[in-house]
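What follows is a pair of complexes built around subunit A, which joins subunit B in one and subunit C in the other.
On to the complex of A and B.
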């Protein structure tokens, strides 16, 4: 149940990034799982090469992944705007294959490992007694930080001037540009933030799941299901559904273990039957 | 396209080109197992038909399924299961194909109501359900170990332990499947399907029901993907979890794009190129994922017509 919340925290962070990128840019970023893996890998590599510990990596790795996001959006994805969103999906799928095998090669040749453990910082090791349950400190930290990040992102996009500019840039770029706003700059920024969120999830995951080139591969598919259930592009929907799915899977696993991984897809089929646009999504025509 | 009149006979140049493609492809496929080793040739046939099936939905209906591995894989497993339980080869292949078709009914019903990227995500999620099921249901699928060592009893005096024989049996099945796709695309049904793809509203206003066309196209596509999956099992004699992995769904998209969508010949040629490329890379011990990833990215960015599409475009302009 509580461990479900930890998984849920990762689902929420990842689907939040996906929802921001899809909701704002209409890009289905298949590469999100690979960016998550790159976040974890960056933390590992920074530790090996520069001797940096968890805390600096927690800041630096998402920054690096966000920077890569800028390069990807400017260099590749922006060439596909105006085409079917399918092409974005295909491009990012190709990039995923490329990234996974590239990291695999680097890990093998430079670091001579195919999978590496990563330790949490000293302060967060050990357990904490919450009264009703004894829980590892680090996992509690992951849940808390993820909640904070999700809330801040939601607040910025829905309630602030920055959020208003972003929404205007994506809903009506021509008019927004006429107001003197640098639309393509904001678009790049949004993609970079979405990528950095995936990177952050990756660093947070490294001490729990260890660093491995294919660690994002299965997770991204579950995340897609979360986004579909929550309603594609809905930020609130992805966060709430992310945590809910994590808990539900944990409860399901306690009752009948084999069902844990399938539960999210069964749930998705059920939701689609009743509400094709997802729990928090607007109907397709209503955008 | 204008018709060419020569000595009073009207000839449709598009038809001539199609005939040339058909004959060319036929000759290549007949000679293939003598040019490369037969198991690789078998792979090209199975994946080629799989890609044709995918293109029937993507190229001709505009629906990007990112979960076609579900149909290919279900059929591959069921064919293996039936062979392992003493059924004859034709029964196993038919059973596999039908299982894919049966699975397609609920999936199509739920997914064709959405379009665009929503459709892709939903098909992907269903394929994942199948993939998890394949992992868990070890009695049927062998779980992590997969299924192997099943019999392929000889039929009508054909010895299936010979890869050449298996190739020509698969070529017959491929021709059957390709023929069905070819007929479907050229039929009034296929024309209506393309009208729905180009403008759903316009098609609706002339009296077509878009949802029904998409549903039928989905079933046809899934059935042919199932036939291809059965061919794969029959050809290889091994089935593993790889057949239901999401990478498989992505690979068939890549083959189709590389060869050229909406051409029917394109997907087959794309499958051939990808499999030959992979064979060369593996033999030379080069990183397969990196090279195929780069090829994929370049195709999406600069080469969206694919090989056959580009060739046709170039021939037409001359």
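On to the complex of A and C.
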């Protein structure tokens, strides 16, 4: 089903960020859903306070979220490297709860609503008749832009010198540092980019879903499932699986609605039985 | 000699009866417990505003009845929309804080849990914001009263009005839990009773859910006159947003809404809802009496009241008035004063408390959401289409399954 691609686009963008952060930094970032929500909230707030429209927000909001990513990584997460992964899991989970409630307070006190409207830009409002289906223009734009962003991210990490440095920094920090490369700087950068991707997904989601403090909470669970199916840390895996899961859920919803939300977890269980490292993941030993 | 003294004392007691009845309150005071959602999805439409409304009712009552009651106080407690929390909090409020009345209770499951506790502890509960008809049917009990609205009243009002105005074919979606299933059943039968039909069988959607595009695409292909949504709160906001995004209105598919709150319209903007028909027990600019109270509330709380908050005020005041009539806060005495009582206040018009099932029946309003350009002032969102008289608005006793 065609409209599944839209949700697929959000899954792909989010799981891409998660995969980048996990693949490079080994951080299970439970805050990703909150970052997505902050992206949407930033777009809404920029519009309300500064009168900025959709296009400036599309650039500015992810930058702001990325900046917050820098603060988070430098200020909190970097202190936990070397400890068990469950520490950063707990930290990011706690931060999520804190962020959600903070945003709720701000929305209620500053904007007098807890769920806010946000409209797509004029050029992209309305529908187009694709022959087989009448579809909102804005959703087509979301699919296209997400595809481009996913491909660019994949290309940078897998095919360029920058990508090589990043991979080296995380694979073997000591040796990389010996080459005169600022490893911790790159690590911070990677986290910021992952956060910005979540922020971008948030801005894109704002005109489709209502902007509310808990909008990331549900999505993040599915996104984690997508990352696991695709293979923890595999970039291509999370993009392909993201889109595929979106389509699958839409088909599921059309055929048998109650199963739509469960389908992804059934798929996850099946994949883990057959290929424990995920569809695109490498077996543990090969890393 | 002793006999004379006793007689004189008895006579004095009789003469002083009105003043002395303050002592007949169990602990010299009445305590109202507003059991509500102070932090979650329903906190805007009830929450702190409901607590404020109950406080206003308490103050008004104390001013009007200075002669014979003790102090009325109000506490607000958060039940987080969870049945288990609601049950625990209800028990705690009654046992430890000596609450005499539980009021509000959004979320059907939470309302059912709390009223069950109130029944065991013989405390009066007035459900204002919970919607399920079970409260006055299979789950009815002597201590529970259902105020303001329920699923039958919503479906009956909106299904009838929309179908009679030309909405002859429907495609309905509903959230897949008790409230949604119940509301869908009631809506389907209201549509069919008025000569309408279903263009496709209703679909259950996951709850909660953010993306409704599959159902909207289905609506495009089955082409009903009316797309009916039984979603509530944030899910409703998402459905309506996407209904507009997919351009269904332009394709001639109208919108029928099961449960609509003022806060939903505020969240999405009036124009997104414009033309949609819903049934409400009350709205703030209904008439001069309503506006007058709403003005007081806005001054005290900073926002216009929702009908849930106005309902909490009305229910609290009616309970307190019953305490005054009964001259006691003993639950059984208050219930005797409530049963069969007819009244009319700014919120509940032509209201009667049915003794058979404790359903409080009142006139309800079928409204249509105005476009922004039709609004005369901030918050002017509803155009009244017609009033359904109390006797016709709620489930008739002949269909009622209550065994009290």
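We take it that the second predicted complex is superposed on the first by the 287 of 287 C-alpha atoms of A that agree within 3 Å, B and C clash if a C-alpha of one lies under 4 Å from a C-alpha of the other, contacts with A are read in each partner's own complex, and residues count from 1 in each chain.
We take it that contacts are C-beta pairs under 8 Å (C-beta built on N, C-alpha and C of every residue); 3 or more make two chains touch, one makes a residue touch a chain.
Nothing here was measured: the structure is a model prediction, and the numbers come from that model.
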Exercise. Now for A:136: first (subunit B), second (subunit C), both, or neither, which partner does it touch?
Worked result: second
For this session: Please work out whether A:94 is in contact with subunit B alone, subunit C alone, both, or neither, and reply first, second, both or neither.
Result: first
For this session: Mind working out whether A:76 is in touch with subunit B, subunit C, both or neither, as first, second, both or neither?
Result: first
Exercise. What is the contact status of A:258 with respect to subunit B (first) and subunit C (second): first, second, both, or neither?
Worked result: both
For this session: In the overlay, answer first, second, both or neither for which of subunit B and subunit C A:266 touches.
Result: first
Exercise. Is A:86 touching the first partner subunit B, the second partner subunit C, both, or neither of them?
Worked result: first
Exercise. Should A:232 be classified as contacting the first partner (subunit B), the second (subunit C), both, or neither?
Worked result: first
Exercise. So which positions on subunit A get touched by both subunit B and subunit C?
Worked result: 258, 261
Problem set entry | Residues of subunit A touching subunit B in the complex | 26, 28, 76, 79-80, 84-87, 89-91, 93-102, 104-105, 217, 221-222, 224-225, 227-228, 232, 258, 261-262, 265-266, 268-269, 272-273, 276, 284
Exercise. Mind pulling up the subunit B residues that touch subunit A in the complex?
Worked result: 64, 66, 110, 113-118, 120-122, 124-126, 128-129, 132-133, 136, 246-247, 250, 253-254, 257, 287-290, 292-297, 299-301, 304
For this session: Using the touch definition up top, name the residues of subunit C that touch subunit A in the complex.
Result: 43-44, 176, 203-206, 208-211, 213-215, 217-218, 220, 234, 237-238, 241-242, 245-247, 251, 263, 266-269, 272, 303
For this session: Note which residues of subunit A are touching subunit C in the complex, please.
Result: 1, 3, 6-7, 108, 112-117, 120, 126-127, 133-136, 138-139, 207-210, 212, 215, 218-219, 250, 253-254, 257-258, 260-261
